[in-house]
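Multiple structures are listed underneath, in structure tokens.
The two complexes that follow have chain A in common; it is paired with chain B in the first and with chain C in the second.
== the complex of A and B ==
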């Protein structure tokens, strides 16, 4: 029972981070039909910058600001200079461009920081341990899980019920109709990419504070691909649910099979979803007419 | 009005077969020239260069095998796979495991390639019914599953340092081994080039391109989309595994850490940088990406202190090919080879008399309807007289975003940009989509031209000109289209279809202006 609780709560803590990453991916996808492969590198960039800023004596607020500004800037520049020019081209080309962006960010970070590792201290997080059902958890993990899941739900709710959310969904679904309805489609798309960048920065700080930041951090975004596919690729609710499910699956796998199996189980799940449920749990059905 | 199938614009028709014409077209000679060039280069490198240069040359040849194979999947069939590194790993570890069972090299190689073909077929399954990024996601899964298996195998059987296996041509010194490998790899690359060119230039190649460009329309032309995706995936998997296997036989060591996603991105970069859907492009790309880490330290060594170059060199190279990927997606989608070819053709068109671009407005020559072969574009030209002010009609035609007001089969039109270079995205009443670019807008002679960049309609190299001329009764509008049919429908059928479309557009223009009164 204690083991199960550890698996579930550990998994949900991870799932909260996946939720944030998945939401960033879905936002970008809704704006420009582009699967952003560089999201993991954006997360790494944010965590590295925040860690470096703190190591030179900066405050946590300052480092968060620097990190978010950097990722948002890269996102909006990439959207403006690259993705705006790939409208109407086969969808794999912008995806391949994000591979190029990933290589650029990764190598730039390697040149700037080498193999250095940084801790990130979020000052406001309570320390110590909390006991739930006989199992002891670090308060830090629990707080971060609660914060990330809460933020994820808030973003999904914003997208579902507010005017801004409707504009973002409309601009993604049918840019022509949306623009005729008075929505500034380019502005909405640019803001979606900025929001995706900021979410990447938050995910980087949240996850980075639980570990020591090194270049392998970028791989965390790869687990969010199965999450958004499970959720349905274009659904914000799906991103939250998918992120939590993938987190849970990884938590259970790590506890009962061993941590070396988490990736292979996650991706086997991705394959099953692709074959059995290609539109995911919440995704819109793809209908093509000739 | 009668339908005319006009000759192509000068320069693209099949003229007399002079040497100059053959060179200008560059067809038919490419394959033998490529094979002879590779062999000559090998002879030069092996006979004159140091053992280290031969080693680098061999690395390039190895990379060419996989890149040429991967180009069939990504360039010709238009499917992005994230698992090329995983197939290199299958090649490497397949050979290790079979040879540890005591099998001879040839048998081990054969079984490894069969295994790669099976894995390539299995992981393309989810992508058969999906399109877009289905293959990218399922091959991402393939990458992690394959890497997990080889990692477990290595940790269980070989230890953390990996495996050491016997190499070919060892025992008579490093120089001898490198030179022998250069010749072996030259033969393999030459065979790969020939097989790939033969595969991709005939019917199979056209079917693969229809799957890439008009996936929805492909089944209507009798092209089985799933079968061709399967073919492309298996072909590229086998060649990547061959590269993986040969590189183990060359270097003698294997470790799972060498097959990361970064390696996959590197192989994608090779195909994209050289030029999609081009065997020469794959070779150029493999050469550039393989040589970058070797060349960059020499260049940055001028700026950066010498002791830092070993650290920075590979990272700067990685940054450069990342940047090249982005630049090519944005600005030069044909890659290095395509850009050079375009430049060469422009130069040739300028130097060779009679090989100029399109004829001037009003000089469309209706003669010579006869056999032009499949290569020549079809030209359809329709004319209508409209009893309305020429300026008013021209204003409608010149408004790039107004096509849906007179073209009946266009239901929606949205324009990005202004003037020449502007792009318009059309939706057809059938649900299809077309993106075209305004290339000429001449208010003085009242001529506009556009070309189609991307379309769900199975037509290639489509461009159109609309010319308005003032007459006594009003004006005469000529709508001319040049294109190549991309499906198996006959040229006459496609031309008849398009001719009806152009007529309906001219009729639409007439209705718009004659009912409105003169102006």
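== the complex of A and C ==
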């Protein structure tokens, strides 16, 4: 039982980070049908900036602001200067553009920080341990799990039930129709990319606080791709559910089979789901009228 | 007449009178003025030097053979082709900047599409309400948490959506996802969405294509009621001459992107230009 609880809590903590990453990817996808392959680099950028800020004596609040502002600024400039111009062009062009952005961010970080590694201290999070069901858990892990999952649910609920969420969904589904309804599609898309950048920053700080930040942190975004494919590429609810499921599966696999099996089990699960539900658990089904 | 016996004009009355704007449009000149409008796609001239004027409450039909540029003309007026268009468009006396469809819709222009564009995952009611977005004055806070005033306004728009659905015969399908509707019903939803914004200028692109006889009669009656009300300026692209004769008093004929006729419906449809050029006979003016 203790082992199970450890696996579940650990999985939820990881799942919360995946949820935030997946939501950022879905926001970018809904705005400009683009899989943002620079999302991992944005997460890394946020974590590096936050770690560097703290290493020079800055506060956690300051580091969070700097990180979020940097990623948000990069996202909105990238949308405005690059993605808006790829509207109507072949879909591989924005995809290639995000690869270019990823390369630029990685190179800039390598130039700025070289091989330096940074710890991130989230001072406002309780330290110590907490007992649940006979098992002892890091209070930091529990808090991060609760905060990330809670934030992910809040974002998905905002997209689902508020008027601004309706605008985002309408603008993403059909920009022409949304414009007819008076929705400023370009503004909505720009704000979606800003939100994606902020979510990347939060994910970077949350995940970066559990490890020491180095350039390999960017690969966390690749680990979240199964989450959005499982949940449905265009579904906010799917991003939350997919992220938590993948996190739980990896937690349970690591505990009972060993960490070397996590990728195998994750992608096997993804394959089974996609064979039955090609659009994922909550993804929109494409209707073709003959 | 609708099933209840009330005329469509009676039922449309509350929908057409714009309480928020204080009734009919103030006298600011033509509802729609198109001056020397041309649309090019690379080397192809889809619309060439078209000029027309539509006064508030006036209606005209745009006719012509396939490929004449009718839908392209509507797209250009609507602001959907800012990079391909030259010439000037004014809506309610205000020149349109090259800012796309958003400016046009906020200036009081609404349109339906030749192939209905709808939010597939949404219901009929939700698609109709998309047309209300312009009229609901959301602040940033109301986007997240609607207050009492906003809920009241939304309730009013829900009632309007019910009215529009009844006028179009969709009242029993309000809760159905549009993805499950037949083509004719989808066209009606698209038309209903355009009415929901209470436009000053209404562009309808082949509103009766794909409709069965009963649906076409309903739309014809709706058009006639809108024209009689003189509350909204209407430009309709249409291939069914019986619909035009029944509802629209003025016709503009396009051929190969050029306006070759403009006048009262009976005159244009009886004219040599219509018989020879617009019906695609051998002789006629070359662009």
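The rule we apply is simple: the second predicted complex is superposed on the first by the 277 of 290 C-alpha atoms of A that agree within 3 Å, B and C clash if a C-alpha of one lies under 4 Å from a C-alpha of the other, contacts with A are read in each partner's own complex, and residues count from 1 in each chain.
By definition in this document, a contact is a pair of C-beta atoms (placed from the backbone, for glycine too) under 8 Å apart; a residue touches a chain by one contact, two chains touch by 3 or more.
It should be emphasised that the depicted structure is a prediction, and the values quoted were computed from it without experimental measurement.
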First, second, both or neither for A:179, with chain B first and chain C second: both
Chain A: partner with more touched residues, chain B or chain C: B
First, second, both or neither for A:73, with chain B first and chain C second: neither
Contacts of A:277 with chain B and chain C, given as first, second, both or neither: neither
Which of chain B and chain C A:170 touches, first, second, both or neither: second
Touching partner for A:158 - first (chain B), second (chain C), both, neither: second
Partner chain in contact with A:104 - chain B first, chain C second, else both or neither: first
Which of chain B and chain C A:2 touches, first, second, both or neither: neither
Set of chain A residues, in rising order, touched by both chain B and chain C: 176, 179, 289
Of all residues in chain C, those that touch chain A in their complex: 80, 100-102, 105-106, 110-111, 117-121, 130-134, 138, 142-146, 179, 183, 193-194, 197
Touching residues (chain side chain A, partner chain B) in the complex: 33, 35, 81-82, 85-97, 99-104, 106-108, 110-111, 114, 175-176, 179, 222, 225-226, 229, 260-261, 263-264, 266-268, 270-271, 274-275, 278, 288-290
Touch list for chain A against partner chain C, complex: 158, 162-164, 167, 169-170, 173-174, 176-185, 284, 287, 289
Chain A partner contacts - residues on chain B that touch it in the complex: 74, 78-80, 123, 125-126, 129-130, 132-134, 136-138, 140-141, 143-145, 148-149, 151-152, 212, 216-217, 220, 261-262, 265, 268-269, 272, 311-312, 315-316, 318-319, 321-326, 329-331, 333, 412, 414, 416, 423, 425, 427, 430-433, 435, 453-454
